[in-house]
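Next come two complexes built around chain A: one with chain B, the other with chain C.
Coming up: the complex of A and B.
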């Protein structure tokens, strides 16, 4: 191993150094900006986790698995997983091995930034030692891996269906510059290393390539221009990186520790939200996933485009996209970075200045509270059943729930037999957190007055807000599907199984993705008949289209979404569609070609 | 086919089909009535008395049936498929026969909106919630478990009409006057009952309709509450509790009733849509069949030899339906004359 140039420098490294300096400077400034923008308590919490060993380990593991190996993407789509991890991990390994080479062979040059990157230009006779040839082999191996990923990327760009994506993002101009420079980097590196392989040495890729080129080129005049081109491609990529989707590479490395620290979105444009926006790789997985995308015009209202508009500051489109979304959360479920599309939109809605804001603080809940005290008859404990507005609009659910509670011999009373207050979730979804808090305080007062130990909900919309926003110490908040499953398992409810009855369970967004409840309702349904699955189910279930989340979608626009969700549910040709949300029920019933039932109705019919 | 009498298939033997058959046979054609139900007369045959003269529905149906006694009528017969021929159409019937005809007249009428799809009104869940059709049935038979001397009766207008959520934006046109007519009849049957009508708008455009309204409001004391019913519940005694907003006073109202009548709206007939699709007849965006022109040629379709009469193109009153049936018969007559 020896060096070719005494000064260890050639002007072609300058473009690389410019790009590197720019991107590093930009990212450091951006990182500090984001940390400063966090609310004080969040910031303190985040910085503390950076020095806690448990979190350090967690962060390193998650960054390695997500940023380099892309495990989430692998689980979703093997081809896309390979494509991303080959480029990310391969590139990482090349940089790492490059540094290793410098440390091993030329430790005096390690302070030169560019040495590990352009190592092969500056050295000669590297493969003469066993370490040298091993390292050269690994370099060629990982370069080959990256090149195979690049080939897949090119195929994906022109025929996304081959890799299993129906639709992909339309790239902005900057994204295209970034993309083509990224594609150019690795073939150029291969060429450059091949042209100098007879001097520097190489391995299974570069030496045969060098031999082939020498057969018809006859001189080394191509080597230097190619190294220049390689350096320039790196420079272009790094200089445009902050303005392209590739910003997700550095952003995700900060996002993961922040998410591990439990930081939440508080402002749509600052701090953590900004970081999420920059972490979006614009892969477009959310386009196919979005229930709105059955209408082609709504493809541009998906989270990937919200992120792009947030980066561009296009206020009109940000408002439009934020209001249109159904808040079903499927984009987050499929996103390998986990960008919280619904939370970004709610945060945006919270910023809106309304001309009129009603106040609920004047509502007198004393009559409602004394009614539940009277209903409890002086005894504490028991179940308090809150039907909520949507269950009152679907009286069959209320009736079946009451019947099942009686059959199981549960001591229960209703919290809102005639009059009740809103749970607050619709207001939260609309970004009216202040008003929601007022209602939450009122409802909490009634619940505490009742002395119950269990609050039962038949509506997942209510369930989510009672679970997350109410402070009800000593009161168990439970959804009726879970409660009835427990009663069946405990033997209090005897369900006759009808083996000939095929039932499909629709996961309501707020129950499944919202609260993570998938299996209990399925077990309960399976007790009444044969459970079949929909085309897409569990975390990837398709929103019924009736969600309260959207503020602007009209019923006409929602109809094709409902139809699409029904088609998905009926792939196994079930006799009945079972759901656990009154809003899903009301939405499906109007368009379904077969009976749609709430889980309580199905169980009640078999008890 | 010069000397042969043209055959005209009339799909549906409601009042539109019967009237058209009568006119066509008088013009010397050979109409064939195809009716899915076991009897003729359609929806009108299920009704009791008709506005504006409160004449019995049976009288109208019987007079039409008498006038078409000689027309070939196939009741209890469904159409399996319709095909286009070179100069006509062939209908495959459910009894296995094939009917070849030179023209098709759609007199397929409408469907009453399925009120159980508006679950918040509780039809099919609460015993004392019925529909307009159930009430007419009761007028006919005076037998219904659910109607036992009610003290308070409510009528909900526009159930499944003018309702984007239910997927029907059109006005059913006849429910306002039907609701008032039925409210009056209920009040006459139970003079001590309080009767409420929950309406969005009252559209009383026809001859003598306004007189009904004035009589109901002034002479019979029927309460008209402008506002949609939001929610229907049931109390311990099984009575229905209706929550609505009185949009004129801007206040929420709550009434407990012994009987709630839902005025199910007029929606398109899915059978008609399927037949229309098979022979390439256009369907309008409200689901009803699409006339060639909504001003001058309501009874004509976009295809030669296919004609419409009555509620298959939208909600209609009885006089309008009968007039259209005659108009369709004449249009068919001109169609054959022009063909030579």
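Coming up: the complex of A and C.
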């Protein structure tokens, strides 16, 4: 390779340089802003992980697998996986190979920022170039891969069903500018490289294209304008990038190390929350996943639009979207980047001003505490069963749980036989964390007084908060589905299996996605009958629609969501629907065409 | 002198002097409040009732009768557990109603 121009410069590189300088400057400032906005302890932890070898390796691996290869997307949808990894990985390889070419052939030019990008314009082929034919082949190969990805992207934009998405995001104006400039970059690069391929050399893609063009284009005058167009397309893309969804490309590279360091959302708009908003690629996977999308009008209340409104600072819509969400967590379960939709919303709810704040400090729990002390009869250990508000509303669950505990010969007592306090989770969901802490302290007082070693809960809403927020040293917090499964496995509960009974298990949001418990309840259900699966299950189970997470959805608006969840549950035509949450039970019972039972009721009926 | 009984202070409500601003604003923001039939299902199930006599029915009634202190003391013990929403035969989203009410000042303005 030899240089065609002695000064190694042409004015057409200027738009590229402007774009690059802008996007780099913007991203560096944004990165420092986010890091500075983190609380001090979080920031220290994050910076420490950056110099810890274990984390460095983990970060590099995760960034490579997620940002370039898009492993999570491949697992979910092969076509979308190919589309994204072809563009991301292909582009990365082209940049890498461009640098390699400069290092190999013209090492004196490596300090020029633009040289690897526009290499083919600045060089002419010589005899020695034959050694680089592999590089040229790879360049063309990856360009072809990218172009195939772009073709898929164009098809997806106009017919998203073909790639398996029912709905896709409505793009904002800036997103459209970014999208079209991104689409333009690679065909323009192919054209530009083809026009100069007889000078700079090329491979299986550019040389035949060059030959074809030369058949009807008499001269080389169109080569320079095409390189200009390529540079301008790059400039436009990079200049709009910070204001479009493509901001997720640089943002995700910071998000992954931060998540690996265990940073959480502490402020609704700053630090990690801001980074998550930037990281949203607006792919729209959450639109199809959201249980609210059954009603078309609620499609605009999904996480992707929350992120957009957060970027725009549209307070009215932010409030509306934050309050409507069921907090079922499915958007996070399907999100490729892992944007925590529910946590973002709770953070928005937390910053709301109230004229009246509840206070529970005046509540005297001493009578409740002395009741459990009396109930324990001076012995420590044993099971303390906290039914919680919702189980009190569905007494059949409480009766069945009590009956099973007696049948298994467990020494137990109830924490809230008559009066009790709420666990605090509904307040947390409403963003009133401070007040929830008061309830948590009161409940913890009763539990410690009882001297129990196991706290049994029949409600996943309570279970999640007891597990995560209560500091109960020496007390095992367990959900009744897990507890009964253990009793069955240990032989303390003898369950008769009814082979003719088809049962489907509904994963309650708080138990499944919330606490990661999927298999224990299934094993328990399988002990009582034949277990069949719903259409969507495990992490992708559909919320019953009764969730306490939503503050504003009315009963009428929830009804189609419940119906949709029931349709999903009954695809295998089960005889009974089994759930492990009193709220799901109460919600389903109203609309189900077949019996809905709690797991405790099913087991009790077969014991 | 102890007569074995005493006179309780008058609990008569003079509706002419009651300021309805907060109730009116609530109705504006949560129109479902108007559909309450006062059946008392919410009172019967309320988790906070044993601690404060909380009842959504009484809150709505108290607002219309100018019993602001009583309303506030009831609201300040609500734990948002959602049982009242589940049992309401009119399908009123009582949690939304309570939270909206907590955001209103006595003059009926939404605090910011």
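Throughout what follows, the second predicted complex is superposed on the first by the 601 of 607 C-alpha atoms of A that agree within 3 Å, B and C clash if a C-alpha of one lies under 4 Å from a C-alpha of the other, contacts with A are read in each partner's own complex, and residues count from 1 in each chain.
As a working rule, contacts are C-beta pairs under 8 Å (C-beta built on N, C-alpha and C of every residue); 3 or more make two chains touch, one makes a residue touch a chain.
On a predicted model such as this, the values are computed, not experimentally measured, just so you know.
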| item | value |
| --- | --- |
| Clash or fit (per the criteria above) of chain B with chain C on chain A | clash |
| More chain A residues in contact [chain B versus chain C] | C |
| Contacts of A:589 with chain B and chain C, given as first, second, both or neither | first |
| Touched partner set for A:430, first chain B, second chain C, both or neither | second |
| Which superposed partner A:551 touches (first chain B, second chain C, both, neither) | second |
| Chain B versus chain C as contact partner of A:5, first or second or both or neither | neither |
| Contacts of A:399 with chain B and chain C, given as first, second, both or neither | first |
| First, second, both or neither for A:204, with chain B first and chain C second | neither |
| Which superposed partner A:352 touches (first chain B, second chain C, both, neither) | second |
| Shared contact residues on chain A - chain B and chain C | 392-393, 418, 554-556, 586 |
| Chain A partner contacts - residues on chain C that touch it in the complex | 32, 45, 47-48, 50-51, 72, 75-83, 86-88, 91-93, 95-96, 99, 101-106, 111-112 |
| Complex contacts: residues of chain A adjacent to chain B | 392-396, 399, 418, 554-556, 559, 585-586, 589-591 |
| Chain B - residues contacting chain A, complex | 117, 119-120, 122, 125-126, 164-167, 231-234, 241 |
| Chain C partner contacts - residues on chain A that touch it in the complex | 352-360, 363, 389-390, 392-393, 418-422, 424, 426-427, 430, 432, 439, 546, 548, 551-556, 583, 586 |
